[in-house]
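In the two assemblies presented below, chain A is common to both, partnered first by chain B and then by chain C.
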Partner chain A sequence: MTSTSSPAAAQTRGTTTITSVLGRVLFLGVVLALVVFFAPLLIAQQLWMWLIVLIGSAIAIFVLYSTKRFIPGKYLFPGTFFLVVFLITPIILTVGYSFTNFGDGTRGTKEQAINSIVSNSVQQTADAPRYNMTVATMGSPTEGPFELWLLEPETGDVFRGSEEQPLEQVDASDVTVADGRVTEVPQGDVLDMREVNAVYNELQQLAVPVDDTSAIRPLSVNQAFVGTTVLQYDEERDVIVDTASGTEYSVAKVGDTEYFVGEDGRPAFSQSWLQNVGTKNYERLFTNSNIASQFLGAFTWTLVFAAGSVLSTFILGFALALILNDERLKGRRLYRSILLMPYAVPGFIALLVWSNFYNRDFGLINEMLNLNLNWFGDPTLAKVAVLLTNLWMGFPYMFIISTGALQSIPGDVLEAAKIDGASRFQATVKVVMPLLLVAVAPLLVASFAFNFNNFNAIELLTQGGPFPPGEFTRGSTDILISMIYRIAFGGSGADFGFASAVSVMLFVLTGILAAVQFRFTRALEDVN
Partner chain B sequence: MSAPAASTTSSIPAPQVPQHRMSFGRWFAEIGWRHIVGILAVIFAVFPILFVISASLNPTGTVAATSLIPREFSFRHYESLLSGERGPFLRWYLNTVIVCFTVAFVQVFLSVMAAYAFSRFRFKGRRIGLLSLLLVMMFPAILSMIAIYTMISDLGKVVPLLGLDSVPGYLIILLGGSLGQVWLIKGFFDTVPKELDEAAIIDGANHWQVFTRILLPALVPILATTLLLSLVGVLSEFLLGSIFLTSDENKTLAVGLYGLLSENRSNNLGVFAAGSVMIMVPVIILYQFLQRYIVGGSTAGAVKG
Partner chain C sequence: MQIRRKNFLALSGVAASVTLLAACGGDSDTDGGTGGGASDAGGASDAGGAEGGAEGVPARGDADLVIWADELKAKSLQEPAKTWADAQGITVEVQTVANDLQTNYVTANQAGNGPDIVLGAHDWIGNLVQNGAISPVQLPGDAADKVAPIGLQAVTYDGQTYGVPYAVETLVLYANNALTDVPEPGSIEELVEAAKAGGAEVVLSLPVGEQGDAYHMQPLYTSGGGYLFGTDAEGNQDPTDLGVGKEGSIAAAEKIGALGADGVLRTSITGDNAISLFTDGKAAYLISGPWALGDINTAGIDYAMSAVPGFEGMEPAKPFAGVNAFYVASNGQNAGFAQTFVGEVASNAEIAEQMFQSNNLPPVNLELQEKLSGEFPDMVKIAEFAELAEPMPSIPQMAAIWGPLGQAQANIVGGADPASTMEAAGEEIAGQIG
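Let's turn to the complex of A and B:
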């Protein structure tokens, strides 16, 4: 360092040390390496959304962190990245799904559906080659998706394939082979015999396409065979032809969804594919009188539940804060410590414990109060139970914020009220209450918004029940969000497209709620 | 902060002197009834917690046999949980600790970074950014779970570590809420005088040094509280966990214990309660220690704006 350098120059040099430059280069290098490594994999799997995420964030990182400019951006990027990828992108995708028939049997593309139909028609011929089969999965051992790893017993060649991925040969050195079977695979987990047995019925439906006319199907829990397909797809005419009988199946719309149909116009195969259905899902929501009334019913109860929760917790919390915030009261701090406790109990524990209290025969509430109420069997009682539980979970928070707000009210305000001749009660109602309400109003609105979508409070307590006979989409205590959960994952088959449409409606309602909250929150009007 | 001020006044004996001169009737009308209300409230607040503790110690461990005061004591349920005969409880505990601490820590850290930018810099889109953040955070992730599910199952095809039924995969989904604490923390940043960092900048510090050496140390108690609140929030996350974590060794406590209870509701109550006590007690103790900051922190958003 020369003595002629000006203080300013020394300063810049001080901040751009060699280590910081090296660190930056290293970091950007790692980012670049990740892009180079993952981009081809994503392209191969045709995962365009993730490719956009990968490249987009790499560009953002280079722009933001390679120069000294964009200082706020450097601090905002990491959190924004997660926000955009895991919160905003799913919202956009959900809006997209709401215009499709996405659901069980319509997850894949048309090509995958055809592959599956054709390869399922495999029939075993007398001299069909057999393979030693191993079942693996990258998902869960009970749900799949399953992948077959096959070993040709004579040559020792190893193949892999699944419903969607046609059979391909893999390097035998990539896998572990023992006793003539593949026992370990590079990606995913191998199912043991017990697990294979448990899913054997599903495996029997599985067929791995080899080429246009043949496919692999499981023969037993550890063997598979190659067979020829009876059905074939004629691409030019877009029909599936049965080579044995000559019957043709063409594409036609059944309901909202296209299938391959026989001459009688009914779907000949259960497989279908992801299709655009326009605004059908929304029309169903608004025009189907049963669904519309279910939605309206759930909406009303959601409002009652959220407003009831906020009001009851606030009234109790605020009253306790007023009563216990007297300076002359001994043990004030002890009371506060104990009343804080429910706030510290993790919500899922509190809800599950309370759900036991309502047991008709053995529950604590019936037992202690000597009642015989069927809490979860009666719609009104179940609603009371939900609100009572939420009161227990929520009042400590209201107690805390009310106490805090009370203590922040300047003493001279009360002093002034006293001098003017106000009684303690008058001072409380006319002076303390308005001041406190101004302070906590935004928190009350936030609490309303939280309860509006308080899924756990319903699902862990009543699971939406009790359900009227013959009705499965909505139980008496279901709020909108738990009703969506039931539509999407309920017993009547997954209907993701429709559930997404209901979700979008709930997004809109939440947005309106947010707008109201913005109006209530004074501070937002001049964000500084 | 108001809480410590209040505590000093209560420890001064002077205000208690007039009490002795009060007649009982007057004392009751002014103060005594407050104790009755207080005690009733305490009973309401505490009985479910007592019930859990009692159920965890009751050797029978069924709904029918459990009352508020246990008649027999035994650590059977704790033993059966810790020995792993009811599922890998310690594994669930470990998974939960990993998920909660990682998510809470990352969430608070990224929120602090963003709050720093929002509090100390003036840039284009700042106001709209703050407001849309508030809006976006109101949308529950549960609503778009179908989309999240497909996204994660796609991601798992390329990076199996981050796929379905894996703890890291579940963890990154929860990181979607990384900016959840920005508003709260920004409020605290705004209370630290700007002159402080201006002085540091004149002394040659850059923005990163101002952030790490001046602002962060000033806010440590608040950040600890935010961390705790966020930790308990993650601890209670149940729905996404129950969708994504299906195999036993990947479950979190919330998912695992729920599974235990729903498997056989009346007979597994004791085990469930024992597990709950082991989660609840550390949190309750932490809350007691940080009580003062929690009271300050939850109102600050409203009072300070």
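Let's turn to the complex of A and C:
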């Protein structure tokens, strides 16, 4: 203890010790090493934003920690760093994506899309033989140049050919054949399977012409087929040409996104690429009259749902806590443990089980109570069902915090109230409640915020339903987040650009709500 | 996205170590902290992705051939793949992606750390192609003699073959012989009559649910005259010709509405309870796929199996056929071995046969059907019924169909006006497709 405290004491006096200098050098050295290690990787993967974050933080670390100055900066840096990396960067990324068409069919670059279109157009020539293929090289097995030696399994004829050298038949006696394939060639080395696999992508460029249109191409590591690449990309004119029919496909905008289109102006191929679409995603969101008209309904129900859930769970939890806080009651521990049971069941399992309970014909609730209520088919009943389930899920939490808060209220306050002639009810309402609210009010606000975005409760119970006939955007129990999820992901595949725009709007909305909530908590604090 | 996320995690590893260092002012803790950061970085750099675990996506295995599949399929492929690889003198790793295989695969492939082969349903093809995620495969010239037509039809997209099919699934009608005297009804009307005569609690167990189930409703929808997408001159699905909301779909909707009013179709029968209603002996008939066979046999129900019948005097019922296939990744590291392996599956039923042993799925290989017909007659029968079915459309626009069509059908079962509801669904889908 004494040995470690002395350098620390020395530091506070401003004396430089060897350990502190060494430690600092080591730390900065490690930072430098990490930068040197990561920077090329980030450059290689073209992750420019992370490169900026990396270099920026490295510079900051060097400036802040290499000298004795900037004492506040030394303490502020770690927090700021996490804020930037975990909070601000994802937000910037989301905002960035919201101005693009990023989604299914538009994930990659234009080059990737063209590659995919062209290479998908390879057609196998019908009735052409399939060759047992051997790859040989006069150069290196990794660089080439490569030559294909082909054995026609039916006839046993052997051919050779490469990109430059057209197909020619060779005398089968010139090569060694084993198991139906050429295993040794007169000049050059034969590649083994692993070597062929390693250069497979380069071999795809190798097509040994058979006639004007078709060529022999490697199919797998040991077979080759005769085929035609129907489509070719003309880089100069930026068109894809169908070599069989002569049709040309040029780039044009369909909706917000560029595609290769045919003469009819419709996309000829589903592959597209990542593009900047400006504010189109936001326009789509705001000009969709259906979304606008459903928004208010969803917002109102979200408020009712969140407030209703908090109120109902709190009233029940608090009432139970009050009852079980009475010392005259025996076996309180047992009751308390039983009441905590819903809390012990994993939420999503409880929700799925409950959703089966509400089944109209086969559900536990209707069967036990001998009812015929169409719980999830009737808009009002569905709302009641959602609130009831959330009450069951949430009251143990309120019970716990109320119990805790009750036990922290000093007994002498109640005693004083009793002496002043207050009844039990008066003491509870006028003395216990205000004292309790001081402790639990922030938790109630937090609970409200949680339920405001309680996606699971809705999605796992009703999936937002029931939907009125002809309405597909918002079901009767849809809260904002579940409706927005459906808008963003419910339709045609993943549309991350649009989903990002929706999230940005949701972010703004929750930001405003959070500000309101903060005001609310402050108002509560003022009371006390 | 994936790669970004991984680097994000790698960076956070560094961040953790950096702050750890800052906190202890360069103490000896450095080893632990930077070690973690560096190994994360290693994951990101060799595109191995050590941090994917959070979403149930494995790090790409380090083998000569890496295959991704869902849990059951991965399990069944484990042995046969290994046997094949051993014979070739290479290594293979079959990895399970339990959730959301398609999305995870597309993301991983785009980032360059996906598998070499992925197993999936044929209706993924449209989305996989638009994302440039798979390469075409060239089936052997005699494939048409070896593989059931439905299998080949399903993996053909825009005139190109994208997968090697090995199994097919479709909906069939199961009858509980204890509750009905008509094991193979010729029409829905006959079915309803027989079940009512038998006094069963539930006439027909067909999942509808509050949100609808367009997949299970498809036989009735097609029998009533509905279709999803028309076909163009080359036989490809044409997204501009949408059948939902057209005359035929409304006729079907009226029939479905009538069955709902009659209590035959109910929104209270869901995907969760449809099979158990049948195995508990409450439902006289069940419309489900080969996946229900296990439960039915376990429950010891005396059952009969037939093709799903249509409405009397209307079109034949055409349920969806879903074909399971092997796809070659466009961005895999071992495309050569991947093509070799799927070529083997295409030309030889051995691998499919071994897979069948641990995961019974109706095979598409004709030779294998013949071979299994003695021991597993039901499986082979389902494969034959699949020939009467229609492959599920694999164009990406299909994603816009499920929600609105299912919802509309559920509403109609619940008593909504068939014509206007179906038309609204058509408008909604057309709006989504754009």
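FYI, the second predicted complex is superposed on the first by the 300 of 528 C-alpha atoms of A that agree within 3 Å, B and C clash if a C-alpha of one lies under 4 Å from a C-alpha of the other, contacts with A are read in each partner's own complex, and residues count from 1 in each chain.
What we mean here is this: contacts are C-beta pairs under 8 Å (C-beta built on N, C-alpha and C of every residue); 3 or more make two chains touch, one makes a residue touch a chain.
Keep in mind that what you see is a predicted model, and the values were worked out from it rather than measured.
Contacts of A:Phe86 after superposition on the shared chain: both chain B and chain C are touched.
Residue contacts after overlaying the shared chain place A:Leu371 against neither chain B nor chain C. Using the contact criterion defined above for the overlaid structures, shared-chain residue A:Ala292 touches neither chain B nor chain C, since it reaches no partner. Contacts of A:Leu34 after superposition on the shared chain: chain C is touched, whereas chain B is not.
In the superposition on chain A, A:Asn359 contacts both chain B and chain C. In the overlay built on the shared chain, the residue A:Val516 is in contact with neither chain B nor chain C. In the superposition on chain A, A:Ala244 makes contact with neither chain B nor chain C. Residue contacts after overlaying the shared chain place A:Leu460 against chain B, while chain C stays out of touching range.
When the two structures are aligned on the shared chain, A:Ser500 is found in touch with chain B, with no touch to chain C.
In the superposition on chain A, the chain among chain B and chain C reaching more residues of chain A is B.
Comparing the two interfaces of chain A, the one with chain B and the one with chain C have residues 38, 41-42, 45, 47, 50, 78, 82, 85-86, 89, 93, 356, 359, 361-363, 496 in common.
Residues of chain C that touch chain A in their complex: 1, 3-4, 7-8, 10-12, 14-15, 17-19, 21-23, 25-27, 30, 34, 37-38, 41, 44-45, 64, 88-90, 103, 106, 110, 126-127, 129-132, 135-136, 138-141, 159-160, 210-211, 240, 266-270, 272-273, 277, 330, 334-337, 339-340, 343, 395-397, 399-400, 403-404, 407-408, 411-412, 414, 416-417, 420-421, 424-425, 428, 432-434. Within the complex, the chain A residues that touch chain B are 11, 14-15, 38, 41-42, 45, 47, 49-50, 71-73, 75-76, 78-80, 82-83, 85-91, 93-94, 97, 102, 138-143, 187-188, 320, 323-324, 326-333, 335-350, 352-354, 356-357, 359, 361-364, 367, 392, 396-397, 400-401, 403-405, 407-408, 439-443, 449, 453, 455-456, 459-460, 481, 484-485, 488-489, 496, 499-500, 503, 506-507, 510-511, 513-514, 517-518, 522-524, 527-528. Only residues 20, 22-27, 30-31, 34, 37-38, 41-42, 45, 47, 50, 53-54, 57, 61, 65, 74, 77-78, 81-82, 85-86, 89, 93, 104-105, 107-108, 112-113, 115-116, 119-124, 126-127, 130, 193-194, 196-198, 200-201, 203, 218-223, 225, 227, 255, 266, 270-272, 356, 359-363, 376-377, 462-463, 465-472, 486, 490-494, 496 of chain A touch chain C when the two sit together in their complex. Those residues of chain B whose C-beta lies close enough to touch chain A in the complex are 2-3, 5-7, 9-10, 15-16, 19, 30-31, 34-35, 37-38, 41-42, 44-46, 48-49, 51-52, 62-64, 66-68, 110-111, 113-114, 116-118, 121, 123, 126-127, 129-131, 133-136, 138-148, 150-151, 153-160, 163-165, 172-173, 175-179, 182, 190, 204, 206-207, 211, 232, 235-236, 238-239, 243, 246-247, 254, 257-258, 261, 265-266, 269, 272-273, 276, 279-280, 283-284, 286-288, 291, 294-296, 298-299, 301-303, 305.
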